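The chains carry the letters A, B, C and D, assigned in the order they are written, with residues numbered from 1 in each.
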């Protein structure tokens, strides 16, 4: 890949990266390390400069020291790190719309090169997006492209999202705005199109004739840990479901594009939007909400908060491919484990229960996004040995053992991948404004109803599976095989055979 | 399973097993150890007796000592072995049709129990099958069922097979004759119906719409090793293909039975016969024959032998499910490795090469019968990391790591499994006479033509893949992915990613 | 076809046909006319003789006159008729087991030819089948084949069926017994295998993935008309459903045979039996019974009769092809019209209701057995003209306009077809004993329960659609499109467009 | 439909229609009669005015007389016609860019109503499109929408098409430009989406798994008849294939839209464009060109013309649905008949030839666009009568007998339908600029090569099927069933049965 990237035009041009909000957590923990990772992989242009911009006055030295703490020392005595930091500058301003300060940034850019490509990374509150964009428009000059990376939240409902979108549209064309949903940078999410379209055995089965249900799960084993104030204004639906899980859902459900790569970015996103357009606004009847016990003990959370920390819901996609298939989305905090996974449950093998004189469990394709990336298909085999009864096992590829995926070289961070995509001008992995709006259209009525009615969610214990008994996944169409245990590489005990 | 078996009727009746040819290799290496294995697993009735019968005069003691050498000492100080051997008797006669000697056997049986179930295991030359059967008919008395196990060869062409079949039919009903093809006792062969019919994702794809080609391979890394005399009269087609591989083919290709188990044994065999009926006699045009260099150096092999030690051939099944799909059968001696496996190659993912701008290899389901049982599907994933190109990996279940299959308790020998089936009266795993005849109908014209024309096969080096360049599997419809390496549990080297 | 038949062996041999029960209605109205039809079509051997046998003493002349009344005068001044009748003899006996009389028959046969093929047509009560068969066995001599045609009823439940079957088996091999179900002789029933297996667009859709429900309907517009005595002992289930409709169901549901014709007759029947084996005994919960008002006014019907003249029921076939698809069988007397038809209702076009913003009716393949044979598929088209709404029309082939099917030359009677099949030794179109037994196994528990409980069926008006509101076909899975009218060749009125 | 239309907003607003080129043939024969038809169907707003504009000075009276000749007298003594013509005005100008004259038009419009919706119909040479559009832009005022209908040719290759498109884009948004391809107004073409998406039995089979080939045919029984001058500059590819047949192909091949109607017009057109994008530029190897004998005798045609009057070609669509399926497009003049039809040929019924012991012809869905609209499926049935051989018949709906389609009320002219769509603002049935460009991209290299090389096409006789022997449709994948005759409502002669 380095060879491919190195031969692309942009790689021969000077590059300026301006990180707004450079002194914040996101910048230090994600943005700079990702850029450093690209640097050490030889994926940045030879001539590049990174300008940190924030409100706090800092010396370059102290800033570099701050940033440097989060860069992994790659075993060459810090030489790479040292060279990288020498390309990092810092400028501070009064605000994220401080025209004078931005002019200083511009001067710095022009000095570096008047023909540099320019990437602005907005690691700043959404409320300042518009003013920053306008100020950049009026102050930053020179040839070369100018692209902007934005981070969620992109509004809190349909109306606020549209406002934000429109205010940005006044300064920049949609094609220069790269809205990050970091789930789109995960290995297994990026894998979805390859899995679906390059494998006959998936492509043939990828529809309502063969699929019984799709289940997307996000679980975190911890709560808000004293920082619930921010979360409380959003809740789990906005935090995880409306954006991350819906993006994954779109990639699972979209129609095949003409090309997976590059040239048809817009077709990919159009196909994703078409999935969303085929989904009706979620009804409260199809939703289960929960709040973990102790959530309101967080001092930053209001005592009477009705915010959900758990949500399970069901939706349908009204297309020939998907009509009748339930898509179940589940996300929760303070649950029993950390896990994000996709489960494609296939229909019953026809007449198998009759043929085998015993209930035969369903096949299920599981794509584990994290932790420990893996793909497996729950598959029935004859019980090994004398018996002829079927038993459920699995065919698996574990990315750690198969591809050394725990090594960051083999498995770069989502942000690293996505920033590289921006530099290459490949926008398929970013959220287009109509995707945003359609996703909000689907969730806004539900969210408004919840906020209006202020009903208390179901309280669940921390460290559990959440209000499981209230989530009727079986009624929704997803069947659990309670017999099955995922053995995770271990040999099945003899007693099971 | 022990619980199930123990509750069946036959398990409460006395059981006599008579092994004709008890002093031979097969008996010592396969039959007795299998019976011992059933004994230690508690699968034989409490009251049982095994009578060895052969032509050589031996004392019981020396016979027991001979047999005992091949029984594994199961860690309990030989107690089990001792007890087992105490149930083993030995009787000798002048021939396998010696009426007087058989009467002695009968007396021994009646003394043991006049109502015993009786199993005769024919570990004797096929030329003596008929006379032994007749003699048993006239000499062995008493209630209880009487079943006969036969071993190949069942003739050497259609006519000789029919003769044999008819001569046996005069003494015994088809339902009491159990013809062993030990491939039908292998774990992965017994697994085929479960795989096909209990998994939607296989059952949906199991036809000519999704399958491009089926490849059955048998490879042995050694030649005839000085015992080629017997082999030379048969050749690889009769030794491996016409029986073992065709049996496996039938299970791959057959239509679903009403029940997988027990009650519909005959439907299973009828469905297998229907596969054979839909195959035309093999044409020499679709066959490649080979002989390894040095074969004729074996002193027991004629100097001008034209017998094949390698054969690859293609056939078609004229049914709605299979029309147009090539079935390729390959077997050879003195090749590069020991392997028996089934490869179901799926069609190209439609338009994938266009969508990914690169050739996309086909999915392939590989079922490895031996060594080290495993099932895997060659599956395309995104190259891990920055690249978005597809690369071929595999989803796998390895029976050794998953089920401890190298342990004989978890993975009993084929003979052990099959003898238990005979005792239970389950005939689905044995070869019915019409199966035999149809298989011979398919191969007889080819075999006769080869023998008539006496053309020399292609000579190939020992330890190679055989006359590979002459076997045009690609022309026959099976595509190799030369890029792909099966990593067998190892991590892919970074350079491949 | 005449050319094909004329070249078959049997056509060059002398043929004797003995009709037991020759003076009865069936013989006069069906058997003799069918034979005459074969004769005029040149399908009988040159040398043939027909011996009528019955209990009433008659002269040959009066018998010929009697039979002649039912033969259509084919426009050649009765020359054919005259010649045909000259080959018709008549012999009477004291009973259908009168050995002396049968010896007379034998003498007549030997005189005609000692090497004649012999066909016995049993147009006699089932209670005399066994004795007639035995007597034939002992009295009728000579070379040439001897085949027997039997007519229903074949018992009234499983036990009586088995008795009958076994008594016949003592005298004749199954292969010489031809049990007629005249539904198997109908053009459209004989068409089923061609339709299913020679048309890709049916074969691809012929399973539970595409078919929502199958409906078989038999309707008669008249009641028992004073002859209800016989009917009352059987009822509609035995009279129509257990035999005729189940035979049709088997042909709709069976797996593809190797060959449609000749050589694989037994595979066809084995495949039919396998359908029956996959059906569980009918439960009373899945049955609606009716009796038309006035049925008990028939003087030959008991005043308190609870016999059903209408029945609708639902069953399932537990095979991979059919699991989940309801088969609905409906038969009734004194209904609104005469009709026998098969309706294969396909599933909803996926997402069509969403795509067209209106409910979209299902496709339905209708095969009309009688009257006026036709095949049509209810198909949605754009409403012709300015509108873009879908409207249901049909693609049709009407056998009368397309093939002149009202002409008996183009569309011979079922009996004529079946007798020819017997002469040709083609047994696929006749009912084998295991089919009979499986069909009775399915219905016997239901019939016994009905008879035991003696509940009164629902009373319905004559000339109506029966107790329609009690038959919940929609709950069973078959949806009516109440908008649709079958226009039967007429132009749709403008107002509908 | 009248009810629906009457309730739409535009129907309550005044409407002005300006026909540029009003004195030409197209206007007189198509545009005015279509408007009159809408008028008599009550589909025009109450308040409407039609202004004819052309270069020839005419009085209103003479113009009305001219136009009136082509309006059918609807049986009410010409009252409707009279009233309609009263709304028809005529204005002449020096050119189609005559600003002064257009100002007169504007005055006339303003007088009629300052808030009228305005439809400009360009029945003028393409060379004047740009100047007319610009002049309208600068001279025509007032509220209400302004839409323009354009007629082909839209350029003669990719470059000229782009020029035209860009010049129009300077004055008008794409959404106000309605490019007519009158094939999109034909009943059966408009029917395609309903057929495909509202019928399960088509939607399930509509892909490369079931379809062997698609054949689109256009045949005219007459040549250029002395008016070949215009045609000679274009040739048959530009005249028929690149536009009409490719539009039909797009509708056959496109992926399902979210909605068939209204709201997703743009998705429909996007999906059509995606079909074109998946087609590579046509290679000369896949093309057969012909010229009818006598074409160059037309005095308006150059003596050495190499223009083709016949073309057959094959192309492929690189999508998962269509990969591997040949699309064959054929168009010709001076052939044996008038016909435009779509043939979807399905694959062989699997193993049918083996099962029936005879070659079994393929199913084919035929959609006849003209003359006499009909849909039929070539279907195999048992030969009626004694034979069991399959014979090919068809299931059909004939629009004339079924829907009275020969009546213009039931089957309005394509132009009438399309003008109504423009008035309703429904653009799905019109050609978007990217469709145009993609279609030209596919054909331009071929056309340029033909013109560069100036090879003579194959000469064929008038009144024949064209250079049939040179068109290897069988090699391309479409099989003819030479046995089959379409009986067109007639009874099959007995001899065929």
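Following the convention adopted for this analysis, contacts are C-beta pairs under 8 Å (C-beta built on N, C-alpha and C of every residue); 3 or more make two chains touch, one makes a residue touch a chain.
Given the structure is predicted, the values throughout are model-derived calculations rather than measurements.
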Original post:
Which of the two pairs, B-D or B-C, is linked by more C-beta contacts?
Top reply: B-D
**OP:** Using mean C-alpha positions as chain centres, tell me how far subunit B is from subunit D in Å, no decimals.
**Re:** 64
Subject >> Separation of mean Cα positions, subunit C and subunit B [Å, integer] >> reply: 46
Original post:
For subunit D, what residues touch not just one other chain but two or more?
Top reply: 197, 203, 256, 258, 278, 318-320, 349-352, 354-355
**OP:** Assign the assembly's chain-to-chain touch graph to one of these shapes: line, ring, star, complete, other.
**Re:** complete
Original post:
What residues of subunit C sit close enough to touch subunit D in their complex?
Top reply: 1, 4-5, 41, 43, 187, 190-191, 193-195, 197-201, 203-205, 210, 256-261, 346-352, 354-357, 360, 362-363, 375-377, 379-382, 384-388, 390, 393-397, 399, 401-405, 407, 409-412, 417, 420, 487, 489, 491-492, 494, 497
Original post:
Which of the residues in subunit A end up touching subunit C in this complex?
Top reply: 208-209, 278, 318-324, 349-352, 354-355
Original post:
Okay, in this complex, where on subunit A does subunit D touch?
Top reply: 197, 203, 255-256, 258, 267, 270, 274, 277-278, 318-320
